[in-house]
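Paired with chain B in one complex and with chain C in the other, chain A is shared by the two complexes that follow.
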Partner chain A sequence: MSTQSSKFESILAKHPKLRANLAALASYIGRQVEAGRTDIVPALAAAGLKISESEILGLLMLFEKQGLVKPIYQIYCAEKKTLLAEVDSKDDISEVVYCKYCDKEHRDPDEFEVELVFRAVNGVWEAAPQNVAVS
Partner chain B sequence: MSLFRRLRKRLPKSFYDKGNEILNHAEDIKDPETKTLALEAARKYYEADVSPKEPFAQTLLIVLVSYVVVFATAALAFSQLAFLTAVGVVIGSFVVLSFLVGAAMRASGYISESSFMGIFTAGLRALLLMRKQSKG
Partner chain C sequence: MSPTRAQIDKAIGDISIAALRSWLKSQDLPSSAQTRDEITERFKKLLDENKLSWETLEKGITGIEEASAKRITLCTIGSEGLKQITNPTVFTKHLGKLKINPSSDALLAPRLPAKSTFVYLIDGPSQLRAKWAETHTAITIDVAKEQLVRTKITKIVLFVVDKKDGFAQLRFDKPELIHQHLDEKKKPNATAYFSYYRATAEEISGCALNSLELRPALRSLVETTPRIVRLPLNDFRTGANSRVRFASRTDIRDDDDWKAMHGKGGEDWAHDSEAIYWLPGASAGKLTREVFSDLDGRTGKLRVEADCHEGEIEYAILKIREHLSKTS
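This part shows the complex of A and B:
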């Protein structure tokens, strides 16, 4: 059994009632990784699986606790809508963000946007459980 | 990162709006297990029970003005009223002040709703205990 499978089984063991949604999300992440997309956007996963974003966030939190994904805060220029930086924690979001597209430092927090994504951990999802039994 | 820098940190309003939206949706989830997870996640990833932080200097000014008002009330009470009545007025104004300062900190995003309610409840309990002891 791969590390990924054992971690996933561990989540299922703790939350048996959530098996269907957990399996659907694991399968979704596996497909995304296979397609070369390692950043899982909760809103897109929610739309794809027809589950609310708040539920997806809760499930992703379980995956994070098992080291299957890790949260990334992406900082975008609010005006140009371009990615400026990525940090692992909210606390690491700088108060001053230099934007090379505007050629200035954004000091007002409303001059940038923060988006939360979950990055599939390298080497874990290659053998993803895309056929998890949903019983 | 120092506490002061942490207190000063402000995140975009859109980020808090998103957090609150997720928190509201989480509140509507029927299944208790899913709901608990969703609420925990909303708080963890979005600080969803904290509103956008106002500039710290502005909050500090509100707190200072409130303290000036309570000290002015105390001075006026002791100069105009009998000692025991003045003490009552001062205690009362201090309670109101504490509530206002807590509300200002909450509105400015420096403390969460649960912290504010926790402080407020503890304050009320302390007052009730004092009243009970003074009667007994």
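This part shows the complex of A and C:
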């Protein structure tokens, strides 16, 4: 049994009622990683799986506890919609963010956007099954 | 005796000219005034000629300050909280503990209060409504004089709960640079301003406020036919997490490239924000003009323009609620 599937089974065992949505999300992450996309964006997972964003966040936090994904805060330029930086913790978000696309330092919180994404942990999802058993 | 210019000036305070003009228009009164002086003069003339009463003007200003240029957070209160606010005995006791005497009418807020000030609470049969006022300071730069210009502005916050189902709105004025809500570094912070009133609304209602996800409503508004909105601007993310902004002079959905893109991957898009115009033709007579609003799926906020009035906000929120319930 791979590390990923034993950790996933452990989540399922603790939360049997969430089985269907956990399985759907695991398949979604597996497909994203296979396509070369390791950042799991809650809003996109919610759109893709037709599950509410708050529920997706809750499920991703269960995956985080098992070390399957890790949270990353991504800082985007609000004007240019472009990624400027990423940090591991909210406390590490700088008050001043230099934006090379605007060639200026963004100081006003309205000038940048912070988004929480969950990065699929390296080496864990590559062998993930695309269709996780639901029942 | 009709009011003096100074009394009129004090009453209209720093309310936007666009909002005052829009209100005059809605009352079928002349609305061509362009400056603050002109609009004060206009009100003076209308009052002197008995074409407008002081009571009507006060009501109008109250309505404007509760609807004009608001950032509106949409949320819900849970069923337990709803039971509390709809039980007159329980809720009256709760308000008594907070030393709040409900009012029967909406009241005009004080201008430039020294600190956050509770204005009124109406505990009506179908709606709970509460209002606060506080003062912010806007900073602008006078480039010619190389000086910072500080302007004090009254800010209004309104809390509205629909007692039928617990749907709630917190309407905020835009925060300025300087105000009393500080972060941990003792600097004015917009999030602290929004959080303070959210907590105050929770205290006054005795209920926790649950945030709403607006993205499903954004998607539904884009995809609904026949159209109920005109959509000149849409920020969304593709399934592969590319951020895209489509802007059109009319409606992005008429653009062949947008159609092709939407047909290919629209199902997986996350709609971040939309600038929309609510169409009067699809409003069953509730709107007399196209009404602008900006919906932000990231912050869960709806923003309306300075000339927007209560009926227009209520229409926009009603439609958002319909589209939220369609998708839940």
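We take it that the second predicted complex is superposed on the first by the 135 of 135 C-alpha atoms of A that agree within 3 Å, B and C clash if a C-alpha of one lies under 4 Å from a C-alpha of the other, contacts with A are read in each partner's own complex, and residues count from 1 in each chain.
In this text, contacts are C-beta pairs under 8 Å (C-beta built on N, C-alpha and C of every residue); 3 or more make two chains touch, one makes a residue touch a chain.
Because the structure is a prediction, the values reported are computed rather than measured.
Determine, under the contact definition given at the top, whether A:109 touches first (chain B), second (chain C), both, or neither.
So A:109 meets both chain B and chain C here.
Count the residues of chain A touched by chain B and by chain C, then name the partner with the higher count.
Between chain B and chain C, B touches the greater number of residues in chain A.
A:18 in the overlay: touching chain B, chain C, both, or neither? Say first, second, both or neither.
first
State whether A:48 touches chain B only (first), chain C only (second), both chains, or neither.
After superposing on A, A:48 lies in contact with chain C but is clear of chain B.
Quick check on the superposed pair: does A:81 touch chain B, chain C, both, or neither? Answer first, second, both or neither.
Only chain C is touched by A:81; chain B is not.
Looking at the overlay, does A:10 come into contact with chain B only (first), chain C only (second), both, or neither?
The answer is neither, since A:10 touches no partner chain.
I'd like to know which partner A:39 touches here: chain B for first, chain C for second, both or neither.
In the superposition, A:39 touches chain C alone.
Both chain B and chain C contact which residues of chain A?
Dual-contact residues (chain A): 52-54, 109-110, 113.
Considering the complex alone, what residue numbers of chain C touch chain A?
190-191, 213, 215-216, 219, 235, 237, 239-241, 243, 245, 267-270, 272, 297-298, 328
Taking the complex as given, what residues does chain B use to touch chain A?
Within the complex, chain B contacts chain A at residues 1, 6, 8-15, 22-23, 25-26, 29, 31, 33-34, 36-42, 44-47, 52.
Hey, which residues of chain A end up touching chain C in the complex?
On the chain A side, the touching residues are 35, 37, 39, 41, 43-44, 46-48, 52-54, 76, 81-82, 109-110, 113, 115.
Could you list, by residue number, the parts of chain A that touch chain B in their complex?
Against chain B, chain A makes touches at 15, 17-18, 21, 52-55, 57-62, 71, 78, 90-91, 93, 95, 109-110, 112-114, 116.
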